[in-house]
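Read the structure below first, then the notes.
As written, the chain order gives the labels A, B, C and D, with residue 1 at the start of each chain.
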Amino acid sequence: MTGWLLLMATGLLATIAVALWRIARGPERADRMMSAQLIGTGGIAIILLLAVAGEDWAMLDVAIVLALLAAVSIIAFAKSVRRVGTGDPEDDDHHD
Amino acid sequence: MTATEWLPFTVCAAALIGLGLYGLVTQPLLLRRVIAFNVIGSGIFLLFGALSGSESAGTDPVPQAMIITGIVVALSATALALALVVAHAREGGRDP
Amino acid sequence: MSLAFNTLLSLIIVAVAAAAILGRQAFMAVVFFIAYGLLIALAWLRLEATNVALAEAAIGAGLTGILLLVAWTRLRALEAPAPSPPHRLLQVLAGAGAGAVTLGLLAAISQLPAVPGLQRDVAEHLPVTGTDNPVTAVLLNFRTWDTLLETLVLLAALVGAWTLTRDEDWPGRAGRRHRVLPDGVLAQFGRVLPPVALVVGAYLVWVGGYQPGGAFQGGTVLAAAWIVAVMTGHLPAPRVDDRWMRMAVLIGPTFFLLVGLAGLVVGAFLYIPPGFAKPVLMAIEATLAVAIAATLAMLVFGAPEQGESS
Amino acid sequence: MIDGLTILLTALGLGFFAVGSLGLVRFPDTASRLHALTKADNLGLGLVALGVALQAPGVVEVIKLVLVWALALFSAGVAAQLIGRVAARRP
């Protein structure tokens, strides 16, 4: 079982490596940020597998923290879309 | 956990320190020098952590605590450095 | 299988670091660094250091990435002139020097004698420290000096960032004013996330007493709650001369110093008598978490710049 | 029996992640990559979390797993909307 879980975790690492290629490639900033998000989700899945494999359930807290802070960095990214950096990407009335 | 299984992280940490040093010296953009500085820092932490494990008695909490302290100090330095980079650009300064 | 996983992870970490350092675009470097922090957190889990993984996930991957994104946005708006790349010779020399450092480190490591760690000593004295988490015991009892000075470093960084304020902006609200559509997706996000972060942050501070967690990890998540509330326009950032904010920032180091001075009465500076250790440590954890949350959030908000945003 | 289910679910989860990252590489434009990605990786995480939940020693761990997945789903949904707008309106 442990071997299987680690095998799955290694497979997830490989998918992360693929997403890294898209960060490098772009072309849009949205592509790069999206790939970072896939890496985040994949990393969280790896942590869940490692928690079972190592029977160390405190690792789940690391997964929660990562999921929370990934959400915060998405807000920071959404802010960075406009040059001003403090607005709302949905706000079409205030072009800058 | 055997020493062999941690060996990749030891090599990885040494490589990170070298990479970070190279970036710190050659990178013309100040923002990216801050990133290089952080890579050096995490490389040093990783080296410390990877070397502190032993086969029998489990992990050593003293390096762990010192690394957590180091992570917080690195964040403080990063926050101040980024504030300086932004202030430098605000005053119209060219990067050196 | 374990070795294969660790090897692949190490390779990916080095590749990501190289991309963040050597690539051309600044934004790409920032995104790579965010991914890098996550991968380093995974490495800490493999090194059986869950406490460090938590700190790295919250601080290294999370907050540092947010600071970089915010700084990148500011720099783009300021349109700083592009610097010229360094001389070819410097690149070659730096490459040779960096390579020598890496190889030298590896050579030195291979010569290291195997020494037993301090885990046995820590385990032996754990009962008198007032906590069951050995890392918390080291941070708040065995090596209290480190932790006290660390909180002062955080404070110094905040003061340093504030000194960069222009005269006409002082003392205003921290950072710039955020403007968000009241019923947009971003505002919705800002309603859901802070309560969850508050609960998770408080939980992490609490469990730091007996399992991975603690004031630094929990405080960072609490800071995230505040940062989200401000960035999504639900709360204004506090003024830099706000009394409550300043009390929150100072309560951690102040309480810590008071404990240290009280220790002087019964023995030595920062000595915590075993009988009082548990309540004292819990109080230190709680006050530190509040101070860390406030300081980190203020560092992300930045020095007052409200004049520009209108 | 339960172990078998965990093996099946984690394998399925990995499959979805693989499909997601394949889409990230193969699809021609930002908008379609966004679509492929947000669905595939969150389904993948859900399946892995389900497989892991079967091995959980207590209710607390299951609650944490649900929280992790809910957070990931929620922020992926929001990110898809916000990033989608950015992709739709190239500056």
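The rule is short, and it goes like this: a contact is a pair of C-beta atoms (placed from the backbone, for glycine too) under 8 Å apart; a residue touches a chain by one contact, two chains touch by 3 or more.
Computed from a prediction, not measured in an experiment: that's the story for all the values here.
Participant: Determine which of the two chain pairs, B-C or C-D, is joined by the larger number of C-beta pairs in contact.
Facilitator: Of B-C and C-D, more C-beta pairs in contact link B-C.
Participant: So which chain is the furthest away from subunit C, centre to centre on CA atoms?
Facilitator: D
Participant: Round to the nearest whole Å and give the separation of the Cα centres of subunit B and subunit C.
Facilitator: 13
Participant: Distance from the CA centroid of subunit C to that of subunit D, rounded to the nearest Å?
Facilitator: The computed centroid separation for subunit C versus subunit D comes out at 27 Å.
Participant: Which whole number of Å gives the spacing of the CA centres of subunit B and subunit D?
Facilitator: 30
Participant: Let me have the rounded angstrom distance from the C-alpha centre of subunit A over to the C-alpha centre of subunit C, please.
Facilitator: Chain centres of subunit A and subunit C, defined by C-alpha means, are spaced 19 Å apart.
Participant: Please list all residues of subunit D that touch 2 or more other chains.
Facilitator: Subunit D, residues with two or more chain partners: 67, 71, 74-75, 78, 82.
Participant: By residue number and range, which residues of subunit A touch two or more other chains?
Facilitator: Each of 16, 29, 33, 35, 40, 61, 64, 68, 70-71, 77-78, 89-90 in subunit A touches at least two other chains.
Participant: Which subunit B residues touch at least two other chains?
Facilitator: If we look for residues of subunit B contacting two or more partner chains, we find none.
Participant: Going by the touch definition at the top, which pairs of chains touch each other?
Facilitator: All chain pairs meeting the touch criterion are A-C, A-D, B-C, C-D.
Participant: Subunit C touches which residues of subunit A in the complex?
Facilitator: 3, 6-7, 9-10, 13-14, 16-17, 20, 23-24, 26, 29, 32-33, 35-36, 39-40, 43, 46-47, 50, 54, 56, 58-59, 61-62, 64-66, 68-73, 75-80, 83-91, 94
Participant: Can you name the residues of subunit B that touch subunit C in the complex?
Facilitator: 1, 4-6, 8-12, 14-23, 25-29, 31-32, 34-36, 38-39, 42, 45-47, 49-54, 57-69, 71-80, 82-90, 93-96
Participant: Which residues of subunit D touch subunit C in the complex?
Facilitator: 67, 71, 74-75, 78, 81-82
Participant: Using the touch definition up top, name the residues of subunit D that touch subunit A in the complex.
Facilitator: So the residues of subunit D in touch with subunit A come to 3, 6-7, 10-11, 13-14, 17-18, 20-22, 24-25, 30, 33-34, 37, 41-42, 44-45, 48-49, 52, 55-57, 61, 64-65, 67-68, 71-72, 74-76, 78-79, 82-83, 85-87, 90-91.
Participant: Please give the residue numbers of subunit C that touch subunit D in the complex, ascending.
Facilitator: Touch list, subunit C to subunit D: 185-186, 188-189, 192, 196.
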